[in-house]
């Protein structure tokens, strides 16, 4: 275990924040502006990747920026878990940026400069969360992300956007201020520190009741993870432009939520503590309720994006469930699912966006026969769905496999049942979309049988992510390696 | 009786202060409030000056060349000058506040044509 | 002799109390003004008496003089009031109208 | 000797002030009260101040003389200022229309 | 030349002397006023910073005015607590003065001289209140600050007049209560020097008179700071005050009063007396809780932007008073830190409201419509202030709240903790409502380009201070640790 | 010239007030008197055309007039006392307002006259406008006495030579 | 202290206070309040606080009453009889007053007996002032010495308070600084109402003496009661007397408002400037003893005495000017034309 002190984690986070300045300044010249975005994205990815060897070798990259108060520092640490997440985020930002260009220009959206700026800020915050070395830093970037995504969610600035923006903030800020902050303060006043450590910091400091309360506060407090009943913002936030939804649902926001929960469970509570107190089961129950309920609701949604949203809610709880199993395999599965779901879901959202750009349709019932018109998009959609359902040969299979193994390892057979039935449900709400798109008679089809895809800037990214999803099945490295290392580190290998 | 003589000054200052506070709170007329305010301030001055009083002492001006020149000054002969100094300040502050309060009251009257608090509030709506 | 002065002062004060009765019951503002003016003049005397009792009149004469001056100013200022506002009994509240209080 | 003179002067002053007070309280109208206030006031004050001046000559000295002169100055001021003030007050009353009291006679009912 | 020994007195004397010069110069040509004011306040700030550095290096500084030894003459004591507050007061005043130029010229062009003279004198009063070590001197300065304040508020005309009048009445009661309290201490101890009183007092702890003195002084301070049940005068006064006034008065007046309360608690009565002998600790924390909740709820119900901010001040006062009375080290640290942070935050918000008034001639919430489009930079700076009020890291507001909540947890005063969180939530609702209003301009269409809105930023003299304040909020947040370890931890009385 | 006279008068007044005859205080006195003389000489000597000898004569005669006035004051006090303490006071008085025109021309003379009327028994000056006097008297007797002896005496003080002798 | 007087005066004072807050006629209330102030002045003299009494006579009783009258003149004189709904106010007022009263009364039990020579206040700080005044400052009037030297800093701010008050009145009421500074010509060309020549003449003669008396009070503050404040107020009152007996315009010919404001600023500037001079010469702020280096032929002790005189002159300037300014603005409602 070597520890490298380097400013890289900070830079990786800052680079997109700094990029905001040239983006704003070049607001009048779109090409230059997007150029900056790409440049920043590349630098960011480069920085993240440059740390990969150290992390893969079992080391960490650490950097303490500033000790704000005694025992309360803004500190960064790139370890396996953070690396895993950062890698996903950095990669997907590039892809999403490319997609955004196609989508935004395709629809002639207003205020694109603002859009790209806040996008960059959001990414900065995401990487910050990934590399946070303590709860305080995590919280800081978590809040930053909440605020940066608000203008994105309400991009359209109409009444609907207003209502959902309000809902978004109510959930996100309300829970983070009302639950996470006090929980964090209580932890701090109990232990005097907020650093993430392998064994957790809470063991032996307080009673079970307090631990349970804290746990619940954290799990529900990180509302970005969408654990029911804190999921209400997610479907509402679907009013945002699709790249934003993609970002929210696949990359940044929700993943930050589950990642934070992961961090808390391993770094603050510690697996051993949770295990001794038997809190894993409680969490499992909470997660499984969300999984099933969300899947069922998703079945009944007609809006494509809404259906995807409920799907996300369910999938997120897979990750939480993985963590809650407290078994190595399960946790690996959970972490892997962050990656796999990200690539799968982003493909799906890109597809939804591409459909909207090309046809202006939002509802599934209006998409009969669309496959004939946009075959590339819809095939990518199929791949994405397969990944989310967990059908080989897609990455989703790998993570679900680990999760299933985890339930066995933890002797949680009911969870096995939950996982399997939920997969069935997933299939039940995704495959009909595909079916309608392709398998219909010419009369039923609502679209002329002429191939007319969305702009190339839209299609290329979704093809890419779909391909990555497939590729991850065959070679899940480095994510698998990172996940295993992270779990090994926390479970006390 | 002993008690009465020993402390009556303090009691009376309390009485004056109560009158002042009552006027400031209960009176509707702004001028009355100002008068109450002045009474209140005077009550405090009574209090302080009473602190400075000393039995058998004369005013705090040293009898310079008044028969007892340059002898050792006997402390017991002179009342405590410090409260007097403080109260000079308080009086001046009082008149300052009075001036400002009157000016504001006059502006209010010019604006709303009344000095009665409730009427002014009505007319503000 | 001090006792005599104290007694004199006390009598003066009691008489001032009586005068104050006029100042309080009025009935008109100028009646009060008159009474207050009388009280003021007597206070000047009382100040000198207090000086006598402190056995050090020099220090009190200035105050008495200033007092007399300012009492005069207040009286003149009040009388000035009536050269513009020629009403003794402003409308809106009841003064017990005596014969002499009646308005022209 | 001086004490006795002072006492007498003081007594006169107090008595006239007493009658002034009684006058202020008893006289029927504003104008007549003004008579009491204006005249008795000056006289009683000046007399008492004179008494105090004389008392000061117990120990004649330069300081004592100066103080006596100052007290005289005060009485002079009262002597000049009081009638002026009386005049100011009564003219204020007249301006604002105080009607002089008249003996309640049957033929003067027109008021 | 003048040695660093003399810095403490220069902090106060520089603006004092300048005030009269400004008045004289202004009578000749009113264009002199503004630069002269800035110069004076900058001088004061420089002296304050110099003093702060000396305090950091050498510890507490005593300065004898007139050269007389302490209990007899007046003494200036600059310790770790007030060195900090001094810099804040001087700094905030300078920034507010810079920003005042346009709104003064607009709101009362004929009274520029008077305004700036009063402005500088108000600053002098506040600085003097902070620096003095003499209980009575504090009263005199309190009155200077109060009188200037009345006048500055009343200059707003119309409804400001009645507000100002109420303030005069209430403010006088407050100041007189303080004076009476000092009188009670004086009659029992015979001294007026704070440090001196504190050494004499322990032998008198049991007496009723000291109890009454404590109650009176605290009541006085509470009235001045608009602590919850006594806050009635504040909202109107600050709402209808001219904007240049409110951006000076709102950040400083309540904070300095809180400082005075802390000074009275720890440097006159003594922490032991306040926390162990007086049986009111819990009660006051409950009142503070009520202040926070009440202030927040009232703020929520306002349609007037500036009025909403004033109710937030009421809530913030609850933070500080509650924190100081938690009687835990971290609570007091939080209260002191919040004095600093809140001054800067409030300044930010009121500077923004000054800009709003200047640009739109009103301070209703509806005046803010479309602001993000029209003045993006201004809104960004305002957003920083708003986030700080909500308590989002790394802005300053988060850290003081952090300490306050920790203090509440340490003291086991959970209701206070809950109230703080509640008020954070309410602030979030409030400010995001404002953001919403400012963000959704009424005429935006669904897609495509809306009519381009000409960017119409505030004039530089208003925007620059606002930006500086916004940066300061973040810097204060980042440097909170430094502030706490260098200054505040020395200011918290030992043995709590 | 007026300033100089004012200065002299004021400086004398200062010495009486001060009672300190060291150089420091006298210097202060000189400065103060000069200042006030400069500020307010026109108030003290209003009528600039009056000759110095006339001023002097008026002052002399005015002082000679004072004892008589003193006697009148005593009388008036006695009278008021008598009235105030008389049990049936209301029957004794018969207030009335009367007016007359005086022959005194000088302003200061009229003022002294008015104040003298106020101080003497039973009469008070209500208004005085360019020699027109409005006087309140307690009863007819006093009203009838005016202007009477007092005017004669004051004419001797303030009147022109021929008036005084005539 | 003479307790017989004390008791009676206090009783009178309470009566006056009660009367002045309950009278329905504001003019009468102001008059009675003036009497109250005069009685308070008497009370303080009787307790030995001559300087306080002097100030109260000048400021509290004299000038403030005039301010009150002027304010009443420009506003409504009658207090409206209350229709309804004031009961609650009265109740709140009574309860608050009673609570505060009880609180304060409960404290009096612990106080040392009134006028006890051994009370803490009398034995702790004051002996220093009493014994050290002459050796350190050569000023017999201890109050002046404490006021202008030992606690000179307080006094500087006190002067500033006065300055602030004047400025505040100007800022609230005044039209000062506006372009239309010319006096409004009154319709008839001359005031319809003016004081009778009797009053005018009497005042005319009094004014110079009054001014000299004021200067005397300032100059002799070291030896007898009085000083800058008292002298300044009387000086100001003399101008007010001109305004009352003649006209505001006549007064303004002598002392323009602009000039008065200059004086006011100058006065405090003199005070603070002397303090700053000490600072520049190397001593602490307001440490007059250092002034002996620039004053010819004086010892540090005499330098203190002279420093105090300088300071008192500054105070007098300010107080005089501000009293005039407040009067002008209050009496003419900021128009500075005709006035009361």
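Chains here go by letter, A, B, C, D, E, F and G, matching the order in which they are written, and residues are numbered from 1 within each.
The rule is simple: a residue touches a chain if its C-beta (ideal position, glycine included) is under 8 Å from a C-beta of that chain, and two chains touch if they have at least 3 such contacts.
All figures in this text were calculated on a predicted structure; none of them were measured in a lab.
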Chains in simultaneous contact with chain C and chain D: G
Steps needed, at minimum, to go from chain C to chain E via contacts: 2
Most remote chain, CA-based centroid, reference being chain A: F
Most heavily contacting chain pair (counted by C-beta pairs in contact): B-G
Distance from the mean Cα position of chain E to that of chain D, given in whole angstrom: 58
Centre distance in Å when chain C and chain G are each reduced to the mean of their C-alpha atoms: 20
Euclidean distance of C-alpha centroids - chain C vs chain F, Å: 23
Euclidean distance of C-alpha centroids - chain B vs chain F, Å: 39
Touching two or more other chains - residues of chain G: 48, 50, 63, 70, 72, 76, 79-80, 104, 108, 111, 119, 121-122, 125-126, 129, 151, 154, 158, 161, 164-165, 168-169, 172, 195-196, 198-199, 202-203, 205-206, 213, 216, 220, 223-225
Residues of chain A touching at least two other chains: none
Where chain B touches two or more other chains, by residue: 21, 24, 51, 58-59, 61, 63, 82-83, 86, 89, 93, 96-97, 100, 103-105, 107
Every chain pair meeting the contact rule: A-E, B-C, B-E, B-G, C-D, C-G, D-F, D-G, E-G, F-G
Touching residues on chain F, where the partner in the complex is chain D: 16-17, 19, 73-74, 76-77, 79-81, 83-85, 89-91, 93-97, 114-116, 118-119, 121-122, 124-127, 134, 136, 138
Of all residues in chain C, those that touch chain D in their complex: 1, 4, 8, 11-12, 15, 18-19, 21-22, 28, 30-31, 33-35, 37-38, 41-42, 44-45, 48-49, 52, 57-58, 61-62, 64-65, 68-69, 72, 75-76, 78-83, 85-88, 99-104
Complex contacts: residues of chain C adjacent to chain B: 54-56, 59
Complex contact set, residues of chain D against chain C: 3, 6-7, 10, 13-14, 17-18, 20-22, 24-25, 28-31, 33-34, 37, 41-42, 44-45, 48-49, 52, 55-56, 63, 66-67, 70-71, 73-74, 77-78, 81-82, 84-85, 88-89, 91-93, 95-101
Interface residues, chain D side, partner chain F - complex: 15-16, 19-20, 22-23, 26-29, 31-32, 34-36, 38-40, 42-44, 62-63, 66, 69-70, 73, 80, 83-84, 86-87, 90-91, 94, 100-103
